[in-house]
Each structure stands twice: as structure tokens, then as C-alpha cells.
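Multiple structures follow.
Shared chain: chain A. Partners: chain B in the first complex, chain C in the second.
Now for the complex of A and B:
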């Protein structure tokens, strides 16, 4: 067939027409499914359009969080979730926020942290509610923004929770009798706060041995200071008569140099590799069959279950699938006119930690208890906190009871 | 072309008159049909050229209509969307307009995004050190112009294709950006957001864009520089034989492009005062796409148009906005949007290129 200008123009027009038609069907207003509330009454809740900023759209953790919102929550409450594309930097976040505001989003739940101050300013200017999920503002940021009318608050691990997660992981492997370790530092060179705190917790646990220090540091503050100063972890600075740091890997470059570093770390055959995050996804296949176990801080996903079943993953501190239920409840309540504010009228900053599994049985128990179909934060659990007149203290108490025993025990 | 004279024919062939008349008539018919064919071909070429010239404008109009139709039917806040459209396109338009001086010569600069990032980072650091808007602007422009001139000078000194030196600069600038970030002891260079918000206004953006675009239009359309660049892009050998200094012209082109990058970097800092090593990472590609959408010929030459960046930048923003509205909430929406952009990109290139397939030299 001869391709002429008419052919090309026609094809382009057809593409455009198809998309316009698709748009007409895809931009229909959300159905107010109106699930029964806690008292069994049909929900009189109004329909809300919530937009979600995400920096990650491919990891199993991100997908499970998304499924919980779009498949479970959206079917139980009159809410439409609109997700952003994967946001790589502050400019992408700003562009996505502009799109959300233009398209009449009533609230934004943010999983993207490249430039939270700009997100908060934009939401405040536009008069739409803004909440931070599975994270927290820094103390300085919180002081700046806590009085913003449209800032709902944050629920997620604070930095001390992150530190403790790293510490507990290292302690677990020490308790298992392991003495040689590799560390995967993830976003440390990008000064990703949670990764720095987790790594500091790991090093602090090892430094409890009297002969062990990291660059002379044995306490949390000193270790953190050294990591921040170096922007990395130097295994040459690790000194110990008991433990050995056999390798260190960071970032997600996947280039030849990165692959060589990974091969070196695995080739050194440590007893365990302590990962600040995405450990199994990054290193799982490399350590498979080597007898090296990975300690990871990630999420309860099928991939991680399989790794724990085959012995690759020895320890997981993970976010559970429905962990973002309470922040949805708070955001929805704010939109319909019942925001939770602290005693002094500020936005809230509530901490939640991880669930821990060290065996496939524990892992299975956790995902049986919490999954997209039957989440621990189900409609019955959330409804009393969605515009039902609950106080902030009641909500804070609800959020604080996040352990497996509290929610599924 | 064959010009047949009936008198000459009769002299050469010495045939009966009626036969001569017959031959003359045939020759006349042939000449007439040839002339008609040529006129038809010329007319077709004119139509093709006109179509190619107008295609970007038609595309812009179609996208604008689609944006309004889709936006209003879906209840989009159109005034905010329009403001967003300008916000998202103005930086690309400015940088792309300057870059046309490079592309018109048939050259290619792959390091524009990295140059923007480094200039923005230097500007941010200067502002953090001095608190001055004007010093920040000066730092952005100076850094970008120097960076751009380094590429051009290296190409001139070592007699390398400009593209090669910009590839090297891309790598160097990436390393410089990492080093600049590390000077802060963190992963970001943050400029005071209240300062940025004060100047991140449509008025500032439109003034910067208008002044720079006016300068570029003047230089490109009304000075020797613009003509010489198009000549180099069309036929560098001819340009050289006519005494054009290729090196000086390239340096001038890169200087103007650097000015555009500097202004773009200045606006980038105001728009996103948090700069990381990934900031502005897609600017290089967006500039290229914008120019093509605007009808710029990638090979440069006499068909280069300074307004291609404006039309293309706005077209791209319109397309992105329309797609975002249409595909919001749709699973795989981002992928669909990318595919549509790719299809339209190829269509535009095809339409633009098809208008140039004539045997007549471009005018």
C-alpha cells in the first residue's frame, strides 16, 4: 500500500477520534457505591475525587497499595482515585499537581517526596486537601506547614521507626549467629532519609559489640553524622573483632559498574545481606542458591513470600497491603468537612511501623490476614473514622494500634 | 526541457507541407502537454510546500480545539488548565527557540537538558549565597552561555562534528551536576520557596519569553546571521565557498542557544526550587519533539523556521494536557499517552517531510 499524506493524516485523525471517544467513556463521574456504614445505614457520604501522587508505579509494594485503593476502597466508599504517572523529580510532581488541580481533584494523597513543600503550597493555594502516606515530613517542614488549612497530616514511619527497623533487622541476624554482612544502602547517596536511618540502625546494632565501631562511631547520632558527611557507607571504616562487613552496594543504577559491585558483594559470601529496602527485588536472584540470606524492609507481596519460602529472604519488616487505610479515612473526612486536627489545631503527624516476618509461615499468616480482598483496614474498621464524628484522640489511638496482634491477632 | 521550433523542423526534415503542419501540431501539442505537466508539478509542489508549511499550524489549531472540547466536556477548570499550559510550555519554548539557531545549521545539541540543569544549579547556589534575583539570573545565563560556547569551541578547535562535542559535554555536565549537589551536603539544591513563588508568575515568564523570542526572530529573520545559518544547513560546502566562517557562525549560534538555556534555567529554578540530579532530565528530548511538532526540519537549512519552537512547544503542551484529561484514572494511561504521542510525532514528521520531496531546490 502506498502511504500518502492522506493516509497518515487519516491515521492521526483516527487516533485522535478514538481517544476522544475513549475519554468520553473514561471521564464519567464516579459512582457513589455507598457501602453500609458501621451502623448498617446506607452511606450518605458524598462522592469524592482523590488524586494520588506516586513516585513508583512498578514495584509490588506500590501495586498492592494501588490495588487496595482502586479495588477495595473504591468499591466500598464513594471515591474515585486518579493516579499520577511515575514521578521522577520535583518538576514531574509539580506537573502532576497542576493536572490534578485543573481536573478538580478534591484531595491529594502523596507517596512522592521529591519536593513536598511545593506540593503543599500548591494544594493550599488551590484549596484542595493534601495528605502524606507511608511517610512523614521532617520536623522543620512540619513546623512550617502544620497550620496550613488544607494540610491533613501524615501517617507513616517516622525516622526513629526507620532507625529501629534497621536495628531490629541486624539484631535478628546477630541472634542467628551471623557474623559477616553485606549492606545494600539503596538511596543513601541521594540522602534518602529513611534509608540513612535504617542503615544507621543496622550499624548501631553491630556497634553494640565493644570491639565494633563505624569510623569510631558507636552511637546513633555519631553514625548518622558520619553517613550524612560521607553520603555513603565506607566499609573500610568499619572496625570489629567480631563482625565483618564484606561488601556494600547502593543505588539502582544497574550499569556495568553497579553489576560488578553487586557481584563482589555476593561473591564475598557474607552470612547475610542487610538491605535498607528493595533487597529481594534487587538481590534475590543473585543470592539464590548461595546460602546468603537477605534481610529486607519492604512490603508483604507474593514475590517476597516466594523468596522467604525458598530461603533467600530471611527477615522482612514490611508494610502491609492496607496500611494506607487510615490516611484515606482522614483525607476523606477532611474533604467532607470533618478534618482531624491536633489539640492546638494543627495537622497531625502520626507514626506507624512495620510488621515483621522471619519465616514463610509467619509471612503467610500475615498475607492471609491482610490482602486486597480482605484487608485488616476494611470498610467496617474504617467507617467509624470517616466523617462519623470521631475525635482526633480516637483517631490517633486507632492509628497507633497498627501491629499484627492489634489488627489481626 | 525541449523547445521545438516548427520552422527548424521543416528545414531539417524537408517533408510535404501538410506533413510538416502535422508534425508541427504534434510538437506543439507535446510542448503544451509538457508545459501543462510542468505547471501541474509546480502547482503540486507549491501545494505540498504550503501544506507542509501550514501543517504545524493546522495541528496546533486541531489540538487547541481538542483541548477545549475535551476539557469543557470533562468539567476541567479551563482557566487553570490554560495557565498550566503556559507554565509547562514556556521553558521548552524559550530553550527550543534558541536551539533553532543550532539546528538550522544542520547541527544537533544533545546536551541542552544537562546544560539547563547545571545552569539552574549554579543559579540556585548563587541565589542561596547572595539572595539576589539579578545575580541568580546572571549566573544562569553566564553558566549556560559558557557551557554552550565550550561545546562550539571544542568543535571548532578540534574540527569535530558539534554533535560529538555535545555528547561529551552531556557526560561532563552530568558529573558537574552531581558535584554541585554534593556541595550542599544533601541530595538537593533548595532555593527559598517563598522567593521562588514570588517570581514564578505568568508575567515574569511571558516577559522573559517575549523579549528572548523577539530577539531571536530579529536575528534569525532580519540579519545576516540567520541567512548564513540557513545557508550552512542547506549546503555547507556552498556556504564555505561563499566565504562564510563556519566556526564563527557556529559559535554565534551556540551563544544564542546558551542564552536561551540560561533563561530557561532561570525560570526552572523559579518553577521548581528543589533541584536534584534528575531535574530537567527530559528537557532535551522535549525540545527536539517540540521543534519537530512545530515543523522544524531536523536537517536544518532554508526551511528552518524560528517560530517552529513556539508552535511546537504549545502544541506539545496542548497534547499533553488533552491526553492527561482524557486518560486520567485509566489503567495504563501513561503508556497509551506515550504511544499516541509517538504516532502523532511520526505523522507530523511524515507530513512535514512529504512536502519537501520535490526536484526543485528549496527557496
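Now for the complex of A and C:
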């Protein structure tokens, strides 16, 4: 083969691109040669390579989860975490799974939900353990996959927890005497299940007033059905003698139409904007100084703390930094031969909810109690559940005690 | 006078027509295009962003250089500017200056790679896109940059005066650089006859690199406006996610090219961007879902391309219509007579 200038240039470009991609698909190597056992001694636990599928790599929440695994857990236990790049769709998830399988991952912890059935099938076929973090399978999916040998289980807010989070947020602002609201619907047009359930919870809380309904619906199932049918929320369908729905915004387009809709929502001066997620990041700058408060479901970050201190953020339901400790413990245990299974031998489905803050003081308490350096799910807390012979009931009980009072109170 | 009227009509027919149609549709629906106090700001801001992106795309595409890296340049330059301003201080002036300079340098580097490697600009710009996305990722560690705690950095994007100033200054600067300078003269001669221009002593590589630098500076301004208006820079993706911004510029670019026949293509890009921004306000006023908006924008692009491809036929048909009407001015405008005229 004749090596031309073009050949060299093309090769250099390909190598460069590969290096960039490789550099950005980060790996945290294990520093711990062994973990402490239940007695606090360094046990001879085997080193495990865990791969993590992520759909979001930029939000504060995603970064704090990642730091907890790569900075804290990887330093306390013999585990190597390999993260995917941001996975935008099902095809990207499939490609990342193929990469993980080719790279001899022993387990996959998935934060990506575009196509979980394919992920589960690929993991089962490859014989690597698979776990769902901060999420849950639908009932249908669970029935389909619960008997898979390599499906570890799921820990995270189930859809009812998401519904309740939206309901509780709206109830909080109603309790504060607020009567006019805007809603940020985020990924509702993309049929993002958790956003739909959160929004349905908000509308259901408002619909508890007898004069209020959404398209005639007042119950959870009917409200959900209407949102799923429309693929959006139509504020024209909201009827009430007590409450006003003054604006609605969805997606993260930032184009002229999106900005105009946001300006309309903010310009209508509602008492509060109820956001299904990323509310302060998306709307904080726009509502700053208007007196409008945002209710959000996000994470305990410095930016959100600053927003709560200046009054922009009035309510936050957030996953705490180390919330993914138990799913790590279960996945590790499965890899080393001690999987947790339910009484009938199925993979588990355990629910955890959010920690809530409505003041800067509560917010500060939470981030003081749980952070990457001193997580509530620290090595001492997790170790009894990492291949130490704990039963499933003991593990389920451990996971169920997730509230701030349980873990840090 | 007739020529002036023709040129004025050709220049304004699209933006005025778009405004009239969108305004009428909104009025029929009982809505207003300017329903909130921020509507004018949004109109100016999106017009500025779209115009700058369109110019950045068009100045290279006119020379056959397709550049996928426009969005990545906006991202990387604004990330550099914001990171330095937040870390070392200097406020918005520092962020603005660094972002614009960084944009120009990133653009020049992109042009340097293209002219040195001599590979297709399309392929080269794809590599540069990933490189710059990775660069922004590395600076932020994959995190978003939030300005929540730095309100002084977001005032620019919320100022109507600033946005209008950006439009005027950028339009004037691009016009002077490409239409009224030696560099611009060389640039145009390379477009119309590359071999002849090179034979006449025009340095094509240097011209290309400087064109890329101007494109980068324009995208630096786009990055600056977006960062200060959103209060957020999303720098955590290395998956070509920045390419999307380029597609917002196609319709304004084609519209600008059409308007350019009657006046100046740079003015055309501004009017094309203004038209798109008015359409955006219309989407919001009509409360269209994001899916409906995407569909209509795509249909508009296709329709305009069909028009451009069949423009001669449309012109002939229009002339026949006019001639038909002119031949029988006193006849009653019955269906029969219109039909006869049309034949």
C-alpha cells in the first residue's frame, strides 16, 4: 500500500478522535486492595469491574452520583467503575452495552432508560449482572425479566413515588396560600414516564378542590390518561374557580418559540412554577427578582442552595448524593456469588423516595449530612450488605429506611 | 424608480409577508405575537443568534466549505470565557472579550487543520466538532457551568439594547470585511474563479483561515449570547450534540440568498433570521407543541427549496397571469375570464 499524505492525515484524524473519545469515557481505578468486612478488617474481596450506563452526564445530580461512585466507593471497595458517555437514545445504549460486554465488565449499573428490555437481554445473553439505579422497571417489564438469572434488581423511585413527589410539591405551595401556578413539563412530549407522573401528581393535588379539574379529570388514572393521550399539558383544559394555571412550558429547546413561551409563563406572574425537574437550572435566571418561587425535583447542589437562599427556589425534592449505595452493594454481592433474591427467587424491586427541603437551613442540613466525603451510605453502613450473608429481608429493610430521619436524623 | 421599487419589494416581501401571515394567524386565534414584556427582547435575541449563525455558516459554504463545527466553536469559546471570568474575575467584559478571541482562534485553528490536512472540509469539521466538544468537557470536568451565583454574567443576554447593538455591529462588521475590504475582494474572487484568483496572487490558504477565524468569532458571539441568556452552559456531551445549531441557519441562509439578489446577502441573512424569529413567536402564540413546530419548520424549508428549484416556472406562470389580466382590463372578473387569461 502506498502511504500518501492523505493516508497519514486520515490516520492522524482517526487516532485523534479515538483519543478524545477514550479520554472522555472515564474510568475510576480501584485504589482499595480490599474492603473492610463486617468487623472492620480488610477483607479479601475480589476486584470487580462495574460499568455504568448514563443518559445524563452534565446535571449536578448526575455528577454527584458519579463522584460518589468514582471518588468514595472506588476508594473503599475493590471496584473499578467504567462510565459510558452520555447516551441520547436506545441505539446509543445498545452500542455502549456492546462496548461494556467487549471490555469484560462483570456488572452493569444502568441509569439509562430509553430501552431497558434490550439492555437486560444483552446482559443476560452475555452473562453479566445488570441492575437499575434510581429507577424502576414498569410492572410489565418486571414480570418479564424478574426471573432472569443476571438481573439483580432495581432500587429507586417507582412511578407512584414520582407521582407522590409532584403531588407533595403542589400541596406544599397550596399550603402556602398560592393559587396561581405555571408548570414546567420537561420531557413530557418525549413521554418521559417520571415527568408525566410528577406532572399528574401536581394536577391531582390541585384537582382535590371540588371546582378544579384537568380536562374533566380529577383522579390520578384519568389525569395520566389525558397527558399520555395528548403528549403535553394543555392549560386551556384546566378548569377551576380557585386555582389558575397561567402558563406551561416543556422541553429544553431554547429557541424563539420556547423562549416566548417561557416569557409568557413568567410574565403571567404566577405565585409558583412547579417543575418536573431541572426547574432552577432552566428557569432560575428568568424568574430571579420576580418574586416567583420554583418548586423543583432535582439534586442538592450549591446552585440550588444559592437559589433557595435568595428565595427563587421554594421547594426541592432531591435524590441524595449517596442514594446509589445500596444498589452497588447488591450488584457487588451478586457478582461475588451472593445475589439478593426475593422469596420466590425473583430479582428485587425496591422503592426509595426523595429528601425534601423548603428552606436554606434544611437544605444545608442535608448537604452537611450527605456528601461525597461523608456519605450517609458510607463503607461501614454498606459493608454488612456486601457479600456478608445478609438475607433479602434484611437488605430490603435496610433500603426502606432511606428518609433523612432514618439515615441522618 | 421601477428598479428601486422592485429591489425594495424583493427585499421586504418575505419578512413582511411572514409577519403579516403569522400576525393574522395569531389574531384569528385571539392571541398576540407580543404578549409579554419580553417578546421584543426574545425577537431581537433569537434574530441575533440566528443571523450570526447564518453568516458563520454562509461565509464558508459560499466557498464550498461545509462546517459542522459551528456549534462546537460556540460551546468551546463560551466555556473558555465563562470559566476564566468565574475563576479569575473580570466580570462580563472579561468573559465577552475572551469568548470572542477564543472563538476567532478556534475558528482559525479549524481553518488551519483544513488547509494543512487537505481533507474534505466536511470530514475535517466533524473531527474538529468532537475535538472542541471534548475540549469544553475537559475544562468543566463534564459539568454544566451555571451562572446562578454570578448574576452579572447574565445581564447581557437580557438587554434588548445589547441585542440590537449586536445585530447592527455584526451586520456592519461582516459587510465591511466581506464587501468593502481587500480581504473581501480576494474572498469573492476565490469564489468566482479560484484558479484565476490564485494566479493573480491571492493567497487562498490565508484567506480560508481568516474566513474560518471570522466564522469562529461570530460563533463566539453566539456562545456568549446563549450563555448569558440561559444562565447555563451545557458542556458535558461529546456526541456531536452541538451540530444541531447549524440546521437552524439553513432556512435563513436560503432566504438570505434569495433576498441578496435584490439587495445584499448579509442584509438578507438578517431578514431571514428575523422571519424565523417571528415564526417562532407565532408558534408560541398559537401554543403549538414542540412536535408541531418541528414539522412546520421542516415543511417551510422544503417548500422554500421547492420554490427556489422551480422559480423560473413560477415566474413564467406569474407573468402569464399578469399578461392575461393586462390584456382584458375592462372585462368582468368572472371565473371564465380569469381562466382565459391564465391560459
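Keep this in mind: the second predicted complex is superposed on the first by the 377 of 409 C-alpha atoms of A that agree within 3 Å, B and C clash if a C-alpha of one lies under 4 Å from a C-alpha of the other, contacts with A are read in each partner's own complex, and residues count from 1 in each chain.
Quick note on the criterion: contacts are C-beta pairs under 8 Å (C-beta built on N, C-alpha and C of every residue); 3 or more make two chains touch, one makes a residue touch a chain.
This structure is a prediction, so every number in the text was calculated from the model and none was measured.
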Touched partner set for A:250, first chain B, second chain C, both or neither: second
Partner chain in contact with A:231 - chain B first, chain C second, else both or neither: both
Partner chain(s) touched by A:85 [first = chain B, second = chain C, both, neither]: both
Which of chain B and chain C A:60 touches, first, second, both or neither: second
Partner chain(s) touched by A:171 [first = chain B, second = chain C, both, neither]: neither
First, second, both or neither for A:381, with chain B first and chain C second: neither
Touched partner set for A:288, first chain B, second chain C, both or neither: second
First (chain B), second (chain C), both or neither touched by A:103: first
Common interface positions of chain A, toward chain B and toward chain C: 5, 9, 12, 16, 20, 23-24, 26, 57, 85-86, 88, 189, 231
Contact set on chain A toward chain B in their complex: 3-5, 8-9, 11-12, 15-16, 19-20, 22-24, 26-27, 57, 80-83, 85-86, 88-91, 94-95, 98-99, 101-104, 114-115, 117-118, 121, 126, 189-192, 228-229, 231
Touching residues on chain A, where the partner in the complex is chain C: 5-6, 9-10, 12-13, 16-17, 20-21, 23-24, 26, 57-60, 63, 85-86, 88, 92, 189, 231-232, 234, 236, 250-251, 253-261, 263-264, 266-267, 280-282, 284-285, 288, 302-303, 306-307
Residues of chain C defined as touching chain A within the complex: 35-39, 41-43, 45-46, 117-119, 123-124, 127, 130-131, 134, 137-138, 141-144, 146-149, 151, 154, 226, 229-232, 234-239, 241, 248, 276-277, 279-285, 287-291, 293
Chain B residues within the chain A interface of the complex: 51, 62, 66, 69-70, 73-77, 80-81, 84, 87-88, 182, 185-188, 193, 197, 268, 271-276, 278-281, 321, 323-330, 333-334, 336, 340, 343-344, 347, 350-351, 354
